[in-house]
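In the two complexes that follow, chain A is the common piece, with chain B as its partner first and chain C second.
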Partner chain A sequence: MPFNLLVLACLTYVAFLFAIAFAVERRAQAGAAGWLRSPWIYTLSLSIYCTAWTFYGAVGYAARSGLEFVTIYLGPTLMFIGWWWVLRKLVRIGRQQRVTSIADMISSRYGKSNLLGVIVTLICVVAATPYIALQLQSVTLSFGVFAAAGSYGWVMPDTASTGLWVASGLALFTILFGTRNLDANEQHTGIVIAIAVEAVVKLVALVAVGIFVVWFIADGPADIVTRINASPIADWELVPTRWAGLIALSATAVITLPRMFQVLVVENSDERNLATASWAFPLYLAAMSVFVVPIAVVGLQMLPAGANPDLFVLTVPLSVGQGGLAMLAFLGGFSSATSMVIVASIALATMVSNHIVMPVWLSLRPTREVTGDVRRLVLNARRFSIAGVLGLGYLYYSFSGGSASLASIGLISFVGVAQMMPAMLGGLFWRGATRVGAAAGLITGFVLWAYTLFLPSFGPDSVFSLSVLMDGPLGLSWLRPQALFGARGMDPLIHALFWSLVGNTTAFALGSLFSFPSPVERVQGLAFVNVFDTERSEPQAWDQGLIDTEELLKLAQRILGDEPALTFFQQATQEQGTDGYLPDPTPAFLEALERKLAGAVGAAAAHAMIAELAGRARVTVADLIRVADETAQIMENSSRLEHQRAELERTARQLREANEKLTQISIQKDAFLSQISHELRTPMTSIRAFSEILMEGDVPPEMAVTQARIIHEEAIRLTRLLDDLLDLSVLENGTVQLDLRLVSLTELIDRALRAAGQVRPDQTFVIWRDLPTEALFIRTDPDRLAQVFINLVSNARKYCDARQPEIRIAVKQRGARVIVDFIDNGSGIPKDKQHIIFEKFARLTDQTRAGGAGLGLAICREIMANLGGSITYLPAQGGAAFRVTLPLRLEKPKYSDAA
Partner chain B sequence: MLIEDEPNIAEAIRFLLTRDGWQVTALADGGVAEQAVRQDRPDLVILDLMLPGRSGLEILMALRADPALSGLPVMMLTAKGQGRDREAAERAGADLFMAKPFANAEFVAAARSLVGL
Partner chain C sequence: MNRRGPVFLARRSYRMRRLRDGARLLPVAGTFLLLLPILWQPAATEARDTAFDGIYIFAVWAGLIIVAAILSRALGTGEEAEAPAGREDDEGLTP
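Then we have the complex of A and B:
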């Protein structure tokens, strides 16, 4: 087949997957995606365990080492059937703690320690490198098979540059797929579906080749059995240590591989899906493995002796002229490789950005304040990480020469990720496990793995010289990488597995026994070990008094984005029974917020950020006792009592607020009369005094003119005050006549800016606008709306105290409503004043008497109510910020038709 | 000394008193008023009730707390004109309470009476 057709087929296939993922994400956003959460999709997504290694490598493995390949499937099968309860615990913890990756899980368990996060991330990246190289190698090899078979079309470039092209293509594809948006809880619905589709493709492809081999090349099962007996596979002997070691290894890998953890725990949408997966996933594995031996046997017999057994799945159909079947097999292998690379690099990129980039950024940042849009930083960090991870894979591929068999490369990775097992299992079941122990175990295991298996895998004389391999470093024979402490004659893989895990577990146990857990570790340890009993326990109670909700909102906006953060805070406020954007910092709210943030940046970073705002970086023993007390108390109460208490609290809060409001209104009524009196008497005083002076008639003419001018000015001020009061009373009674017309929002804003330009004309203001978003036609009363805009812009001009004042006008359309935000860069309105600014005569300072009587915002509020919209103060926007919301098309109210 | 933040009212009072032969120092900010009174030792202080910086009532209390200044005649001005304000001003030790708007002749007579002219 021509090489260019092959490339075209791959691109079409990828585009098809992308379309599926995209469509599914759209549907999921629309809320119509119940079936996406089905256990079948979950089970199929788990099949990324079967990578190109399984697809091509298993046949090669069988051809070289007989039935040993079965261990790779037996391990996960035993894990899913026998250790189902461990998986359930993992998934439950993952969901409860909003875990984003395996690094996050381990860091979270050991007191949200970022050091552990970094160690695990590094181990995962290093261990995944050979694995990704394996995928590159298999795709490149399979390209090679087809290119050799064809004689026209493009000529395939050499294998090194093909590998580079494959790596770049996969990186691009993964970035497009995985980092389009920052998901609140790191779930990627679209990708999961694409993986499920690929799972079906690879199963169908392998089974199709298998059926073809058994019934079309051979004469059915009986003939196959005869052929097996005649082949070298029959001579294979079981080596018990290697057999048991490999089963344990693959059982471990199925939960510690970053990509498996991603689909198993992070992408899990329903714990019950695990029940189905516990039998369906082993069945899938069985189906994937049933034809492996027949294909290997037939391949060994039919093809010449030098043929690469890793490629039998392709070369057997090709050798009998079945191009179509070979193409299907090729797509199956391509599916296996792409799905592994996508999920693995997304999982690794999440870890790198959450545990390395974010903490570095948090510590480099000069102030406590969170500035800039963190989401962009996080997404870019992930994009670079994806490229970096694939780049490392490519480097490994070109260094190791692409010559090793697929299975042996895969096993190196398996042993690497197995190093996470002691820390993870210990964390789940042993409360005494500590951060020090986990770190010691991980580092010991990692170093031993690198020394005994990973570095030697580059071959003699690349990292270790031949003499080091044969006689040990400096001639110390007991330090020989592949025969530590004189353990000669062991299989190198089992040797590495044995020493690294023994070292790892010993260091972990000793480290844990001889160190003392910090309070956070104890709380988290309790939450993990007793996850099924402590559903309600609060892992962390923050000291409410120290937290400024407005700061929290600022933080949340940087990480979640402006609108989602405002919505989240608004919902929380409503749940507490009040309104506005700033809820009380109750423990429940802070916990919800921490988890929400953890979904985006990881538990350790989220914890650190909130801890910083709470003015405290670690929990004291007193806090701990309080947490324990609270937990005990909550557990004592039945859930009904709990519910009632919440209800009472809500009612009490509402009553308190209503009472406060009534008291304030009564005070305001008095104040209103007094204010009106003051506002009327002040201009009257000047008028009366100067008119009496003028009446006496002995004033020099030029002075008389000045005095007459003052009288005139004050009379105008009086008139304006009366106009405002009348305006307000008309608006409040709802008897105002609206003149509804279709009008361009851009023109209205232009008009407001022009009119307000007269306020402090000497001051230059920078105005930020986004003209395309303003291009809206709205049906409203243009004069009234302009009045509101003029008022807001004038206020900004009057009160903005920044040295270089700026006003930003942002327009958004939300369905049938239009939102216009006016945001300046001054010091804003203090929190305790924010809810009185819309009251009459609520002038905040007496200093600035720029001619207003303090009725402007009260009038604005009434106008917006009449226009079917609202005006609110937006906290935490870095200055005074007002949000005007209005309907896109205001219909004439009925009573005004009658009037 | 006149402490009043409305420039037009301050202008009117300055004109009236200057014409009557007084020497008038006018201030618009309550924050610096006490200090200015201590320095200038005026014959009469005319104090507005609502002032930026520091309210007239507070300034009055501060002046009355100082024995050296306790005999200084103080006239309070207010635009609110409510009974409560008058009471508060008298309690704080104002010698006279004048509601805005006022008749010019009455104002000048009151000022004269306070300094014993």
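Then we have the complex of A and C:
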């Protein structure tokens, strides 16, 4: 097949995946994608366990070592059918703590320690390097097969530059896919779907080749059995240590590989999916494995002796002229490699940005205040990390010369990530496990792995000289990398697995036994180990008095984005039973916020940020007491009491708030009555006085004109006041007639700005607008809406006290609703006044600065209610900010029958 | 944890608990069956029966999958029956 056709096929395939991911993400945003959460999609996404190593390497492995290849799939099978032991707990904790990666999980368990996060991240990055190199090698090799088969078309470049091209293509693809948005929960729906599609492609491809081999080349299963027993594969020797060791190793790797943890725990959208995956995923693995030996046997018989068994999946169909089948197999292998690289590099990039970049950034930041847009920083950190991870993989590939067989490279990675197992399992089941123990275990295991397996894998005389490998460093033979402490007879892989895990577990246990955990660690330990008993264990009680909710909102906006943060705060306020955007900083709210932030920047960073705002980075004696078991038990018993108390408190708070509001309104009403009588009397007095003078008759004509004008002006003022009152009562009764028309929002805002320009015309205001976003046609009552806009702009002009006043008008469309924000740069409205400004007769200052009667905003609120929308005050926007929300198309007037 | 509950459970809860025990035992049984070929090794040298070994492993594999499927269907997430009979536990997914 011509090489250029092959490249074209790959590009088309990638474009197709991209289109699917894009379409699905669109639909998920519109909320129409319930099937995305189905257990089948979940199971298929788990299949990234089967990488190009499975697709090509398993056949090669079988050709070299017989049935041993199957251990790599038996381990995960045991782990999944035993989901009741570990996986169920892991997934529950992952969801409850909003874990973003395996590093986050371990750091979170051991007191949100960032040190552990860094260690785990480093282990994962180093261990993933050979694995990514393996994918590059297999794609490059498969390109080579096709390039050799066809002699026309483009000439394939040499393998090194092909590898580079593949690596850069994958990096670009992953960055486009995985870092478009910073998801609160680190879930990537589009990618999960693309992975699921690739899972189907690779299964179909491998099964198709298998069926072809069994029923078209051989004469069915019986023939295959005789061929197997006649082939060199039948001579394989089962090595007991390797058989048992590899089953245990692969069982471990299936939960500690960063990419598996990503799809298994982080992308899990429903715990019940795990029940289905517990048998469906082993079924997938069995289906992937069942044809491996037949393909290997037939390949060994048909192809010349020197043929690379890692490529039998391609070369067997090609040798009998089945180009189409080979193409399908090629796409299956391509799928396996791309899906692994995408998920692995996303998982690693998340860890690098959350555990290395963010903490560095946090510690470099000089002031308490959060400045700049954190989201951009995080996304860029992830993009660079993805490129970095793939770059490392390419370096390993070109360093190791791409010579080793696929299976041996993959197993090096497996042993590397297995070092996380003691810290993770210990954390799940042993409350005595501590941060010191976990760090000691991880470091010991990592060093032993690097010394006995990873560094020797580069071959003699590249990292270790031949003499070090043969006689040990400095001639100390008991330190030989592949025969530690005289263990000479062991297989190198099992040797490394054995010593690294023995050292790891010992250091972990001893470190835990001889250290004392910090309070946060003990609370987190309780929350993890007893996750099914103590659903509500509260890791930390923040001191409420010290926290300014407005500061929290600012922080959350920087990290989550303006809209999601406002929505989150609004929901929290509603759950507390009040209105607005600023909830009380209750422990429950703070913890929810911390978890939400943890979803974006990781547990340790989120904890540090809130700790800083709470003015407290250490835990008090009171927390220590909370940790004690007794407390936990008492809490369990009194949970119902607690619940009732919380409800009572909520009701009491609502009552208190209502009462406060009533008192304030009553005071205001009194004030208004005296004011309105004053307002009515002043014009009345002058009208009466001047009309009496006029009645006397002997006034000079020019003076009479002046006095008549005064009478006229005062009468107009009276009329305006009465009009406002009348307007308000009409609006409140809902008897208003709406004149609905289609109108351009831009024009309405123009009109409002023109009309409001007469207020304080001496002041020059800078107006910020974004015209393209305003280009909306809305169906509403234009005059009424303009009235609201004019009122808001005039208020800003009246009360904005900045030296260089500015007004920013921002328009957003959210589905069928339009949001218009008016934000000035003055000092804003004090927090205690924010909830009375929409009441009638409310005035913030006592002086009647612009002659209003305090009815403007009350009228605005009623108008918006009549237009099917609302008007609210937005706190923490750097000035007074009002948000007008209205429907894009107001269908028919609510009160049309009145009139 | 000493939970205050009845000493004996209702029939349904009892069944549920034994199902969960079963789910815990399944991987143990699977491990035993899959490690069994280690013991055959000395005998396997005289006749070539690798194909038989393979068939045995895939048969065990299929058996484990079928049992796991039946168990998972019966268990769900195990949430409903988590509490001892007669007491409502507040463990649930809803906040």
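Throughout what follows, the second predicted complex is superposed on the first by the 639 of 899 C-alpha atoms of A that agree within 3 Å, B and C clash if a C-alpha of one lies under 4 Å from a C-alpha of the other, contacts with A are read in each partner's own complex, and residues count from 1 in each chain.
The rule is short, and it goes like this: contacts are C-beta pairs under 8 Å (C-beta built on N, C-alpha and C of every residue); 3 or more make two chains touch, one makes a residue touch a chain.
These numbers were taken from a predicted model, which means no experiment stands behind them.
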(request) Quick one: classify A:70 as touching chain B (first), chain C (second), both or neither. (result) second
(message) Quick check on the superposed pair: does A:693 touch chain B, chain C, both, or neither? Answer first, second, both or neither.
(response) first
(request) Could you tell me if A:244 is touching chain B, chain C, both of them or neither one (first, second, both, neither)? (result) second
(message) Going by the contact rule set out at the top, does A:719 touch chain B (first), chain C (second), both, or neither?
(response) neither
(message) On the A-aligned overlay, A:710 touches which partner chain: chain B = first, chain C = second, or both, or neither?
(response) first
(request) Going by the touch definition up top, name the partner, chain B or chain C, that contacts more of chain A. (result) C
(request) Please indicate which partner A:282 is in contact with in the superposed arrangement: first for chain B, second for chain C, both, or neither. (result) second
(message) If we overlay the two complexes on their shared chain A, which of chain B and chain C does A:654 touch? Say first, second, both or neither.
(response) neither
(request) Pick one for A:685: touches chain B only (first), chain C only (second), both, or neither. (result) first
(request) Would you mind writing out the residues of chain C in touch with chain A in their complex? (result) 1, 20, 23-24, 26-28, 30-31, 34-35, 37-38, 41, 44, 48-51, 53-55, 57-58, 61-62, 64-69, 72-73, 75-78, 82, 90-93
(request) Spell out the part of chain B that touches chain A in their complex, as residue ranges. (result) 5-6, 8-9, 11-13, 15-16, 50-53, 79-82, 99-104, 107
(request) Would you tell me which residues of chain A are touching chain C in their complex? (result) 66-67, 70, 74, 77-85, 88, 224-226, 228-230, 233-238, 240, 243-244, 247, 271-272, 274-276, 278-280, 282-283, 286, 289-290, 293, 532-533, 535-536, 633, 636, 639
(request) Mind listing the chain A positions that touch chain B in their complex? (result) 674, 677-678, 681-690, 692-693, 707, 710, 713-714, 845-847, 849
